[in-house]
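The letters A, B, C and D name the chains in turn, as written, and every chain counts its residues from 1.
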Amino acid sequence: MVDLKVNLGGLQLKNPVTTASGTFGFGTEFADFFDLSLLGGIFVKGITLKNREGNDYPRMAETASGMLNAVGLQNKGIDYFIDSIYPEIKHYNTEIIPNVNGSTVEEYIEVTEKINEVEGINAIELNISCPNVKEGGMAFGVSCPSAIAVTEAVRECFDGTLIVKLSPNVTDITEIAKGVEGAGADAVSLVNTFLGMAIDAQTRKPLLSTITGGLSGPAIKPIALRMVWQVFNAVKIPVSGMGGIMNATDAIEFMLAGATSIQIGTANFIDPQVSVKVIEGIENYCKDNGFDSVTDLVGALEV
Amino acid sequence: MKHVQDFKVKTYRWLNDENYILTLQGESLETEILPGNFAEIRVPGIADVFLRRPISILDFNPTENTISFYIKAIGKGTRQLGELQIGETISIVYPLGNSYSVVEEGKALLVGGGSGIAPFIQLGRELKKRNIQTTFLIGGRTKNDVFLTDEFSEFGEVLVTTEDGSRGEKGFVTHHSVFSGDFDFNKIYTCGPDPMMKAIAKIAGEKNINCEASLENMMACGIGACLCCVTPTVNGNKVVCTEGTVFNTKELGW
Amino acid sequence: MVDLKVNLGGLQLKNPVTTASGTFGFGTEFADFFDLSLLGGIFVKGITLKNREGNDYPRMAETASGMLNAVGLQNKGIDYFIDSIYPEIKHYNTEIIPNVNGSTVEEYIEVTEKINEVEGINAIELNISCPNVKEGGMAFGVSCPSAIAVTEAVRECFDGTLIVKLSPNVTDITEIAKGVEGAGADAVSLVNTFLGMAIDAQTRKPLLSTITGGLSGPAIKPIALRMVWQVFNAVKIPVSGMGGIMNATDAIEFMLAGATSIQIGTANFIDPQVSVKVIEGIENYCKDNGFDSVTDLVGALEV
Amino acid sequence: MKHVQDFKVKTYRWLNDENYILTLQGESLETEILPGNFAEIRVPGIADVFLRRPISILDFNPTENTISFYIKAIGKGTRQLGELQIGETISIVYPLGNSYSVVEEGKALLVGGGSGIAPFIQLGRELKKRNIQTTFLIGGRTKNDVFLTDEFSEFGEVLVTTEDGSRGEKGFVTHHSVFSGDFDFNKIYTCGPDPMMKAIAKIAGEKNINCEASLENMMACGIGACLCCVTPTVNGNKVVCTEGTVFNTKELGW
């Protein structure tokens, strides 16, 4: 029997496999395909203080081994989440982790304060790395002082596990990781999407309404893996790793590079059942290679 | 209930050199498939197709566990789907989307063009079951772009327009004589290119007739999880793959 | 007749299609496959002051729609290039552009001074973005002051067109681009490779001897395209664009985003004749779309 | 001269469920192919194979314009190459690499294992042309891993070792009795897994016999352009795809 439990900065996960914010809706969209209670956790889609319509369409373009999105945090706001969505999903036997967004530090604080009152929510993911909104979002995540400021502010008003989601669009991601660690983050998650662009050569127009969007999928995996490994070696808090994970082997690579748990994003669109397959694959790998606990994989890369 | 399921390629029926009907067979079949539903098809064996491709469900057969699609080869994915080996495995997520609301009385006009006409087989059959008097109006550039009319004629009258006049009336569907004179339809269904659907919606609005259109969009997931596929409506952005693909044209503000 | 000529910061190219440094050897490796004189130019492989053995092997790993390399600037040094290689390739009717590397500003200067004496070489590409060497390389390209310092120093000792090659591993590439523009660069080329990593889950070891390496190929195209477009809008000097160009459509997208000329890298490994096909494809596109001069494509994106 | 050329899949010959000989046919053929040369093969129609795959040239036929490869399906690319349709187009860059230097007199021992044995068909034929007395020593884990011995027997004596003793002598190639007692070979050629080649090189060194080994490496271009494929030698790093793949084992410092 392999022990699949992991501890992500105080948050107990029954296994290291979670689904990434914005790619798994609120979970219910996948309930037809498998039992959501099998998951370690669900990072639900990005939530803001007020209702947001998101960006104009087109919002999506396919690229080589990846995709660009420009959703722009469309959601009905935190009150709607707490009143209408959370009651529908809280019975799943898995961690529900809201992804918190804001255009100002105050907005981050207000959303977090409301979540802090909700029973059953043990962690939040602070998104300071969304490339698809004009104000806030990535602007917080690419500068160290602002990343620290928002983390400190949210830390003060949240009692559970605070996971800060980092942007890969930076010169040195370890600097930001160390900054938010010092500011009180319990864990970091990385990476969010890379700022990219696609053009239709025939119409000579951008393929996204916002011109640029966020790149995800296997295309980014080598860069994401490098960043997870760098951050693992730079901070003491645990890492939730993601970026192009398509199968159990990819997930194991992220854990070897230093991820305590992993998130599956774009792969959910290709195979809605991928996350359960990854759980099984990790368990089999541990059995085949004599690991009693999945935590033995974390950072086990031999360099 | 939605499924992700492996099927095998059973048959191809080529309508011309770029339009084909692909029929897949599975070990089982979800039969709660409604007119207007679509599937997300994984294109096997090609380097450049990363995401699944959304394709309307043309028809299905619960006795044989088959499901079929009417596909126009316009790009790498839809071309590759036309070149699979018989027996090859292909994964589809289905059935997806809402559906056309089938009227229970009166007369229905179904206006379509291009690969947009796929939902009309199922819709025509459902209307016939309810004894609705149904008219199909199918448009194309030339007679070589007009397909499935034999199939439609099982469910009702078939009218055709072509831009060059090579079949049916000459011109666009919107110029067809069915719209002039006595017009006693109480429902219009439309599917096809946006400009065509908008023009039909405008006529429907003028005549004050209830009209439903099925929208396309760039889709990543097809199940409402990514919010990539929204369309603006009078009630704000709506998710095309779950809140649609079928919308009342009034809600679209058309 | 389409006019394919472009002017890259004073350097006249007969067409916008060039081959990227490190992916095309010294050109001769491809002479069996097509007439090199068809090319706009050849950016030859990275040259340093002294002989360099490069990194240990393995130096290459395949990734989704891309590859990682860790060559580490293996070359026989500038004197060997000038004495033994350049005489063999100078008869090709195309621009031969050396890619200049150093661990210190002094090394960059020494290499450049030697090249400045060579007749027939009209431009150099200053590589301040190699992720595969310990000292120098990318260290110069990710910090604005050091990028400016090395550009200024080299500018003083080089009379021809000075093209500075930028690293994509930065928070804001426009800042570096503006810096080197101010320091006297005649053009910028971008992007060099992204720092990435690959792991063998079975052996639990990195796939590269150097652990991390440079990611290239179509996987990076959306990010490279975005950077070209940003830099085009930020500076007045022309851009030589690259990153995942596999065919004429890709090349046209880079030109629409603002590249005056383009470089073909990894694609040379997949199809050694790709660059001639790209030249033909660009010409046909111009004909089909009524462009008399290929320069009309540059930055013609409708946003 | 090197070419990049389209061929068509002509035949498959499966040796067991993971080893096969793939024969391609072209409209023309470069016939200056030397023993030890390889090709860079583009794997058609699969999402995860980005780069070409280096594969030794097993044999070729100038009358039929065919070229063949002996491939072991170990990963995604080599598996896919075994599943193409007859007639499918496949692009190869060839011939690449240097070659074994064919001795003009004496006795030659060719030691190989696994998919490494491919170059020995051409090499055996060239040696036979020169009336060199040639012995093949082929190793495998079991008798099911030992292939092409019928072909080799046309050019010389064939000795076999298997780790489980199911065919030939039991043990590794290096333990074969040919190395004990009278050993009058003046050249050893080896191709196969690194540890095997190193062990053979050591024996050659002890016996002071000239030995050539063909190396594998991670290759991106196969034509000396990327410098990804170097190997350390006593003369510094050498490029395996152009300065090799065949090296004198002394130069490798083995």
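Throughout what follows, a contact is a pair of C-beta atoms (placed from the backbone, for glycine too) under 8 Å apart; a residue touches a chain by one contact, two chains touch by 3 or more.
Keep in mind it's a predicted model, so treat the numbers as computed, not measured.
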Graph separation of chain B and chain C (steps between touching chains): 2
Remotest chain, chain A as reference, centres from CA atoms: D
Where chain A and chain D are represented by their mean Cα positions, the distance between them in whole Å: 47
Whole-Å gap between the CA centroids of chain C and chain D: 36
Inter-centroid spacing, chain C versus chain A (mean Cα positions, whole Å): 34
Multi-partner residues of chain B (each touching 2 or more other chains): 47, 49-50
Multi-chain contact residues (two or more partners), chain A: 63-66, 217
Of all residues in chain C, those that touch chain D in their complex: 22-25, 29-30, 32-33, 45, 53-54, 56-67, 69, 71, 74, 217, 266, 268-273
Interface residues, chain A side, partner chain C - complex: 63-66, 68, 142-143, 169-172, 194-199, 201, 203-206, 211-212, 215, 217-223, 225-226, 229, 244, 249, 252-253, 256-257, 285, 300-303
Residues of chain B touching chain A in the complex: 1-4, 42, 48-52, 91, 93, 217-232, 236-237, 242
